[in-house]
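This structure is in structure tokens; I'll ask about it shortly.
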Amino acid sequence: MADSFQPSIKATTYSVAQIAEHLKARVIGDESQMISAVNSLPEAQTGELSFLSDKRLLPQLKATQAGAVLVTEKMAEHCPVTAIVVDNPYAAYARAAGLLYPQRFHIPGIHPSAIVDDKASIDITAWIGPGAVVEADAVIEADAQIGPNCVIGKNVRIGKRTTLVASVTINYDCELGERNLVHPGTVIGSDGFGQANDNGKWVKIPQLGRVIIGDDVEIGANTAIDRGAIKDTIIEDGVRLDNLIQIAHNVRIGAHSVIAGQTGISGSTHIGKQCMLGGTVALAGHLTIADNVMIAGRSEVRQSIEKPGAYGSGTPLEPMKKWLKSSARFKQLDEMSKRISELEKKLAQLDSPS
Amino acid sequence: MADSFQPSIKATTYSVAQIAEHLKARVIGDESQMISAVNSLPEAQTGELSFLSDKRLLPQLKATQAGAVLVTEKMAEHCPVTAIVVDNPYAAYARAAGLLYPQRFHIPGIHPSAIVDDKASIDITAWIGPGAVVEADAVIEADAQIGPNCVIGKNVRIGKRTTLVASVTINYDCELGERNLVHPGTVIGSDGFGQANDNGKWVKIPQLGRVIIGDDVEIGANTAIDRGAIKDTIIEDGVRLDNLIQIAHNVRIGAHSVIAGQTGISGSTHIGKQCMLGGTVALAGHLTIADNVMIAGRSEVRQSIEKPGAYGSGTPLEPMKKWLKSSARFKQLDEMSKRISELEKKLAQLDSPS
Amino acid sequence: MADSFQPSIKATTYSVAQIAEHLKARVIGDESQMISAVNSLPEAQTGELSFLSDKRLLPQLKATQAGAVLVTEKMAEHCPVTAIVVDNPYAAYARAAGLLYPQRFHIPGIHPSAIVDDKASIDITAWIGPGAVVEADAVIEADAQIGPNCVIGKNVRIGKRTTLVASVTINYDCELGERNLVHPGTVIGSDGFGQANDNGKWVKIPQLGRVIIGDDVEIGANTAIDRGAIKDTIIEDGVRLDNLIQIAHNVRIGAHSVIAGQTGISGSTHIGKQCMLGGTVALAGHLTIADNVMIAGRSEVRQSIEKPGAYGSGTPLEPMKKWLKSSARFKQLDEMSKRISELEKKLAQLDSPS
């Protein structure tokens, strides 16, 4: 299907020397070579940049036909083509690809089909795309990009160079910092799930806080971040959230933490800094997770975690019949444990008959 | 970041006496005091209302500087400031906050950028926001609020005072009752997942039912509720659904049940009344869950539940290395159980050697 | 509530003979009868078509008042009304319902409120609905239906007769084949979650691939499909995806596989052909799942699956107190296993005292 594909994104061309300078890296080989694309080690050709971040792929490095490869000092000797020597080839690849394929900013202005309230403040360098709605008292700062059919509520602030790709909804009073990137379908500032039970019926608790998002945050598609009940929900600088994540009211996510898809964080739970949460993790409410905690995908977290380190929960996949047996036995675990204790007691009596 | 924040929502001011009257509550202390905000016990100041719903926070009550506090009869003696005595302080707080921060209704009318079919019927007191689309034969009743970029399909009914915040999509023929509140990104009336296998290929089964939603229902952000296959999917009065929930075709949710984020309910499962389901619970299809069932977050439900009560499933979080061991042993559970039985048999033979 | 319901969808009327001809089926009974609706066995009346796909519902067949019923040869003798004899009654029902309730196509044209870039190419038979945005170089093929408030990015291709119901967002460069059906709120082509860690901070990896979707694919509501990092994310022909699914970058889903709601597939995992994944399944990244694999709902998959067959994981629901015991014992599994081994050793010594 892809035969005639003409991507709308094309790389800017840089020489190996220019890329190396951008990365503050040393070059072994031809510095003058021009690079105009990135590619994987097995597929890269002349004029394309690749990287080796996993030693196990060393055979791919040895056979590569890439124009240049980002490698560590240690691996450089195995590189059959021009080597750009860096400490962290994966991060260097990210930076080089960011240089070659920079985010495109639209020509500033408000699309005639956008619906912008007279009392909204739009920086002259910002772009408001087709069908976008910007309500009163919203502030859209310099170079911000509000994509097609986004909705920006009353009194919202969108910081400099922040991009909402398309169909993003930001409810009233929320604040997004600078250089954020928010993918389509994401909702920020929906009401927290505050419900008080009154004789079997639920009374809604008005959600009066906001969502406050720092700088350099990326948020995936169809994620939902609820506003706080009284105080704010807070996403600190440099956080990375994937798709379909649920962030409940009054959650706080520490700086430079990363959370994979479909993970859910219940109300008032605080995640530390530089944590890594896998996908479909579920966290109960009112927990505190320390800095530098790593939680395996699909884990359930019902208690606070005080120490940095790696954690997990769950059971392994098995062929259906075997799983049904394991699963049935799980219910007998307490009984099994008691039977073992009983056996130990009896055996001890046999061992030392008085 | 929040220093200069001027929230767009401000409380209406009421005297303690007026709030107490609204709650049918007794006041101990200064009834004439004016209240113009709510706050937590540790942070509340003069002029602010707080509440004590958890005995463990009694020290916070004793130290509070709130203007007035909602407390039970039993706790009133410990309240250092004006006490508003109620049976259920959390529900009373919900009601008082609802009084102080009432839902704001827009000035009635159809925004010039809204696209309303000539054959739609819009009550003169309803509001249709910017960029909203209302298709033919849709009925929008009195005081209904259709927010920016919502899509209301053909022949949909939106009941009185029901609010769709923004970017909500309601497909054709669905009915929402009165006083509903639906948060952004939610989809109601998408096709149920009906697929018939025909020699390895899937044939779509037309989904001919609707979604019918009662009165006083709240639905969170980015939730999806599928229309029925032949009959309807039904959400009864007073139900509360959180964000990113999946409701499959022909599900029925009983009145005043509450379901937390990311829970998924498979086709034709019926949930009773006044149930409480935690977040990320998964329910198989064609189940019946009794009234007054509570299911812990992240549980999996593969069988019907006939008795009211609390249920759960899942395994606890452990440090990674320990978890990997527990997880590996899970596969051996059936074998372990058999080894215990074997030991018991042998020991019984040793015990009573014939 | 439903008493006065006038559905906007009405069936086209066909005779039993016409339906049987469409299905290449044999009729036992009155071929001239007119059918103008479908219904379940217990509720169907004269003029309505039903089906029996599950032997356990035989009593319903015996009591039915339907106009005609789709049955297998074996069940035909028990049918008290006109029988349409087919090999696979459920698939036959799907086809017959598709005949009676065909997808409605809009009158071709671009709604005056749609915002279509001059450089987009819209087939004269396609429909672009109210508030939809179509960006430059997009190609909308014959009979494609772009519903209200959809966003079609730059250089996107939407194949013939493909329908985006409403509020669907397709990012730049992605390709959808023919006869696809995409439900509201779904996002296709959001950036993959590529982040490189550089001394505790995350550097975004530009996502340069696309999403390529084959023909005859159905995708539910609020699902997210990320574009590839370098190569493309690929959904093959005939795949069926339910609501709120997460498809990460560089995933490949084999032809005619079906995936239920809220399942998440991590980056670079390849699912085979004709697989069936239940709801809320979580798959780790870089796995390969063979063809014809069935995975039970809520399973976690951390390793590749090489053999066709049925698999599952997870633990059963229990009353809360019992579950808490089972769950606590889970942590002791490794210790329990060792205690059993110790007991076996001791017993062996007792058995054969040297």
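Each chain carries a letter (A, B and C) given by its place in the written order, and its residues are counted from 1.
One rule holds for everything that comes next: a residue touches a chain if its C-beta (ideal position, glycine included) is under 8 Å from a C-beta of that chain, and two chains touch if they have at least 3 such contacts.
Everything numeric in this text was worked out from a predicted model, so none of it was measured.
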item	value
Cα-superposition angle relating the copies chain C and chain A, to nearest 5°	120
Interface composition of copies chain B and chain C: same or different, split at half	different
Inter-centroid spacing, chain C versus chain B (mean Cα positions, whole Å)	26
Multi-partner residues of chain A (each touching 2 or more other chains)	131, 149, 167, 185, 222, 244, 262, 280, 314-316, 318, 330, 333, 336, 340, 343, 347, 350
Chain A-facing residues of chain B, complex	1-2, 5-9, 38-40, 88, 90-91, 93-95, 97-98, 100-101, 111, 113, 129-131, 147-149, 165-167, 181, 183-185, 218, 220-222, 238, 240, 242-244, 256, 258, 260-262, 274, 279-280, 297-298, 314-320, 323-324, 327-328, 330-331, 333-334, 336-337, 340, 343-344, 347, 350-351
In the complex with chain C, residue positions of chain B that touch it	115, 131, 133, 135, 137, 149, 151, 153-155, 167, 169, 171-173, 175, 177, 185-187, 190-191, 193-198, 200-206, 208, 210, 212, 214, 222-224, 226, 230-232, 244, 246, 248, 262, 264, 266, 280, 282, 284, 294-296, 299-303, 305, 309-316, 318, 322, 325-326, 329-330, 332-333, 336, 339-340, 343, 346-347, 350
